[in-house]
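One chain, subunit A, appears in both complexes that follow, with subunit B as partner in the first and subunit C in the second.
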Partner chain A sequence: MIRYIVKRMVTVFVVLWMVATLTYFTVHVTPGDTATAILYSVGGESAVNSENLERIQSKYDLDRPIYEQYFEWVINAFKGELGTSYKYNKPVFYMLKLRVPNTIRLGLAAVALSVVISIPFGIASALHHNRFLDHVGRIFTLLISSFPSFWVAIVLIIVCALKLKLLPVGGMQGPQSIILPAVTLSMGMTAATTRMMRSSMLDVMSQDYIWAARAKGMKWNKIITRHMLKNALPPIITVIGLQIGHILGGAVIIENIFSWPGVGGLLIDAVNAKDTPMIEGCVLLIAFGYAIINLIVDIIYACLDPKVKYTGEDT
Partner chain B sequence: MKKRIISILLAAVIGVSMLTACGSETKETISGAEGSSEAGAENSADEKVLRIAFPDTLTTVDVANVTSATMLKEVAGVCETLVHADEDFTLQPNLATEWKMTGDNTWEFKLREDVLFHDGTRMDAEAVKWSIEWELENNSAFAGSTYIESVEALDDFTVQFTTSQKTTDLPAALSYVGTVIVSPSSVNSDGEFVTAVGTGYYKQAVFDEMSGTFECVVFEDYWQPVETNVTRRVVRSITDASARSLAVQNGEIDIASDVPFSDLETLANSENVQVSKFNTARTYFYEYNLKKDTFQDERVRQALIYAINKEEIVSDVLLGVGGVPKGMLMDDMPWANLEVDTYDYDPDQALSLLEEAGYTDSDNDGYLDKDGEKLTLKLITFTKRPGCQLIVQATQGYYANIGIDTSVEVLEWSAMNELIQNGDFDMALNSAASAYIPTPAYYMDTYYKNNDIGYVNEELNSLLDDCKATTDMEEKYEYSKKAQALAQEDAAIFTPALYGAVFALSKDVDNFQYNAAAHDFIVPYETSLK
Partner chain C sequence: MVNRKNYILYIGLILSALIVLVTVFAPFLEPYDPTKMELSQKFIAPCREFIFGTDHLGRDIFSRVIEGSRVSLSVAVTVVFFSAVLGVVLGMISGYVGGTVDMLIMRGVDVLLAFPTIIFALALSTMLGTGQTNLIIAITCIQWTRYARIARGETLILKNAEYVEAARSIGNNTVQVLRKYIFPNVVSKIIILASLDIGTIILYCASLSFLGLGAQPPSPDWGVMISEGKDYMQYAPWLTLFPGLAIAISALAFNMLGDGLRDLLDPRMKEMVRTD
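Now for the complex of A and B:
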């Protein structure tokens, strides 16, 4: 297991390097000059003149060849220095440290909400296969996976905040502020996890050992808890892990709509300003989070399912 | 073993979530802070809290950051500049009482002697010197916008500015938000700007760096009387326009700027909200690509202006948020020339001019052509100002009515700028703050004299140079007006609409006045709550 973890960590770093490289060069080939974008973002179009552009070029060494800038960034990144944000003129690491806890908080709230809803719902749906509850569940998951998240966000704000006055529109104004963004963010994951849970339960329910347990006279509740869940849950762990990665990416839009001060807002501002150090920092953070979560999921999976052994292959 | 691993992993996850749940709030306070009072407009019988939505991300209170300086000066009312521009764009003494040009590149400013910073120290020449030098060093756009090279303290209350080139417009430049005056105690022993210790009517109470929320309270020793009942201002970063609109409707915010045009009707019908529209000094303007043969002909340029219904654009496209230009600038500007030809909507005249220039529908396909080539235009604009996309789409429609095929591209501003520099466009719709530096020469100097579209008019350039060289305001106005007349004749750049600002205010807000000379929007000290 330790060897497996070490191997996976090496893979994680390789993936991070590839993501960082792809992002770095993609930012530079997008239309628009970096120095112009920086000046515009900090001072508006009136600040963009040849003198100020020269100053910005010089300050951030933007007039050097792109490969030189890239290699310097990579070397510094290995030392743990992510550079200074062009737009905010503060260390990238410092800005991320301020905002990451909020994004994690939101992400975990969304995951928790999703798990609490989707697992029981999926189980119930499977146990009432092709009956009313199952149909309701399937329509519900279809609906919530069909609506775009930004639309759901606006509808929730209008209903829960404006009409019912139950919750704030956005920002971080207290514990209740997390509810609407977490609900919005959790919807896609809830739909996918509910369907997977249902599917996994149906698969397990059709196994011979379940029939055998029933034939032996075991109580249905005990069959569900002792046999079905134990075998139906492992694949769900993997799905949840994949969905968490999507949540980290999806949080960018949701944070912007709800003015939630997370990494998403930083990333959007950074993209508009072609703030390469900040873009790299945010992207690396999201990629790292995704990779680590999937590693954790794989370890938990191996622990739950004795048939899975990470010696390089599943057995 | 496996259960132990699961337990450890779950404990790690729970630990992370608990740590993040505890939060990492970074609140910076100064002594005498009275704590936060975000919820509700009134926490006690004596406290009146004005809550303002700021449309940009706040990450610092460092005045070298223009976003921060704009918020501190114009929204929070914590910092001030040496010079102030009135609603009619005339310069008024503020922290400086008088000024004079003492050499080609030097100016002297006398300071007010009764001004205290929020830390209780007196504002003097050394503090002004420190402040300007801090901004010069840390704001990359400062020197290029103001031409300030250095500043010296001649005595306790006199400063001398040295500029990098001769400029008669330094007083106007010193009304720019980037030149606010703060105390050296704003910086800690590590050289980090931590608190905005200004001279304004409000002083910083709390800045939550994580959420971008800024709170300020009344400074009892402010240097002039102010009539307001607001005791605290809370400024919240809300970057999404729809979120700002919803926050006002929900009663969480008292003042929100730049709400979506599509929300205006809903806001106006809301019982808790009042909508106010103002014309601003910002303009929308079209630039022709004069490097292309199509636009070498003045008749084509004029025809394309005649084809656009500016009144309809303002009333129906921008929903009344903006003004119909009577010249190229806002009417209230004392140097605005309102007697120029604005080529008012006349599609017949447009077609007539185009026909004179050789463009007719020779093949009866519904589109104009010349020498067998269809007249096709590429219109570009940028995303940040929502009105730009609406105007460009409307323009597309007007041109289709007279048989011109157009394509539209909407890009980020820097990407649009790149296309302009590369000549990869026909018409570009831009927007500019014509009173960024409120002088008669600034706007034309920036966008007409220095341009990437190939426009050159030596007579116009000479008039602008004369305008910048003289210190007599009436002469400045005259030179500027003549330059505007020439520019309108050339029709290389034209204004389809004046930029409007729309504010959604809660019904509790009283005495809110708009100052078109503001960089973005000013919440005057006198703004009160009912």
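Now for the complex of A and C:
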């Protein structure tokens, strides 16, 4: 067990290193000149002139060879030093620290909401296999996974906030302002988890030990709780881990629409302002968070399911 | 034929066929020029003359939604095509050759999968710049990994099958074995994944254009239309309503098609292909 965890952690570390490298080379090494980009993000078109360019180049050490800059950047990134935002002129790490708790709050609310809906719904669909409830469930999951979340967000704002005036349009004042963003963010995950829960239950239901339990006269309710759920739930944990990626990606859009002060809004602002250190910081943070969540999920899964061979192979 | 079990497939098939027809015959279905501005006719609510209303620049929304199907579908099909080709080739090589090549390709896949798709597309767009071609490149960069995993898995199962061994022993080289004996057995899973993917990619593209990274105004892209219309949502909700429904209906059509195809061709294929 310990060996499995150590092995997984080493793999994750290697992946994180490569993620950092890929982020550096996609974001940092823009085809244009970095100094121009900095001036552009601070002062727009008019700030770009030769005098300013020279000043910026010496200030940010841009005249050194690229590999030196790369190694320094990666090592600093692992230490949490992500540079200074061009736009806000504050350390990226400081800005992220302010915003991360809000994204976590929104993400947790969305995950909790979708787990609460999807698991009972998935179980019920499987128990009513090919009957009315199952068809309703299937159409429901197809529908909610087909509506674009940003559009649903806008419709909810029109209906719940502007017309009925029940909930705030956006921002983060009071506990009721989390409702709309969390609901929209949880949609995709709810659909995927419901389907997975249903098929996991169906897999378990066709096993011989269920027949054995029925044959010996065990009560149906007991079979469901003792035999089915116990075996059908663990695979769902992996799906939830993977769906967190969706939540993190979706948060970027949803936070933007609801003006939720999280990392997503920061990232979009940074992209629009070409604020390279900020983009790198946000992308790295999200990818790191996602990788670490999945590491934790894998470890929980290995603890629950003794069948997992501790080889560290994931495919 | 049509029974209660595969109704999803048939509804999906009919809807997708309709969407493809709309895309092909778009110029004949548009009552007005989708880019023509008529400022005297802005913000007209849906009526008999303009069934979806007009937008803030007086353009006919119905015509724009129809024209938008061309943008969305062409992007989605292009992304799926290139992802499938790249993914299948690399996945089959990875599974068949094994060793260091396999390790390198699969570690590459792991790294790309460490990014949520939208996040990676955002990062890449800062390098490539905004625009439709760059959007296609950005999504393809992530999406091929899904095909690669499926193709690799299938190849690993098939490569020790007796008929493949026989094919090798009569003198077929690696390329021939992969092309003639492995690929035909991988293709059904790839078709299922591709049809499911079109719906997903329509949604991704719409989200990214909504954020301003894909097609640029005045293109009649659905994501762009919603983004333009959201400022007027309180007084003229039809600006955002109809493009949104268009996205949802097309995504739904291809999701149903893929879902039904999976049930028909490969009932045991794990639902896992849907998650990414």
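We take it that the second predicted complex is superposed on the first by the 266 of 315 C-alpha atoms of A that agree within 3 Å, B and C clash if a C-alpha of one lies under 4 Å from a C-alpha of the other, contacts with A are read in each partner's own complex, and residues count from 1 in each chain.
Following the convention adopted for this analysis, contacts are C-beta pairs under 8 Å (C-beta built on N, C-alpha and C of every residue); 3 or more make two chains touch, one makes a residue touch a chain.
None of the values given here were measured: they were computed from a predicted structure.
In the overlay built on the shared chain, the residue A:184 is in contact with neither subunit B nor subunit C. Once the two complexes are laid over each other on the shared chain, residue contacts for A:171 go to subunit B alone; subunit C is not touched.
Contacts of A:279 after superposition on the shared chain: subunit C is touched, whereas subunit B is not. By the touch criterion stated above, A:256 is placed in contact with subunit B and with subunit C alike. Applying the stated contact rule after C-alpha superposition, one finds that A:138 touches subunit C and leaves subunit B untouched. Touch criterion met: A:15 reaches subunit C, while subunit B stays clear of it.
Once chain A of one complex is fitted onto chain A of the other, the partner contacts of A:231 are absent, as it touches neither subunit B nor subunit C. Look at A:245: by the touch rule set out above, it reaches subunit C but stays clear of subunit B. In the superposition on chain A, contact of A:118 is made with neither subunit B nor subunit C. Common to the subunit B and subunit C interfaces on subunit A are residues 30-31, 154, 157-158, 162, 256-257, 268, 272, 274. Subunit C contributes residues 4-5, 8, 106-107, 110-112, 114-120, 122-127, 149, 152-153, 199, 203, 206-207, 210-213, 223, 226, 230, 233-234, 237, 240-241, 243-244, 247-249, 251-252, 255-256, 259, 270-272, 274-276 to its touches with subunit A in the complex. By the touch rule above, subunit B contacts subunit A in their complex via residues 2-3, 5-6, 9, 13, 16-17, 19-21, 23-24, 26, 38-39, 57, 59-60, 62, 64-67, 138, 140-141, 143-145, 178, 209-213, 236-240, 242-243, 246-247, 249-250, 252, 411-419, 430-433, 436-437, 446, 450.
Contact residues on subunit A toward subunit B in their complex (touch as defined above): 1, 30-34, 36-37, 39-40, 42-49, 51-52, 55-56, 59, 88-90, 95, 97-99, 101-102, 104-105, 108, 154, 157-158, 161-162, 165, 168-174, 256-259, 261, 265-266, 268-269, 272, 274, 296, 299-300, 302-304, 306. Of all residues in subunit A, only 11, 14-16, 18-19, 22-23, 26-27, 29-31, 130, 138, 142-143, 145-151, 154-155, 157-158, 162, 192, 195-196, 199, 239, 242-243, 245-246, 248-250, 252-253, 256-257, 267-268, 271-272, 274, 276, 279, 283, 286-287, 290-291, 314-315 touch subunit C in the complex they form.
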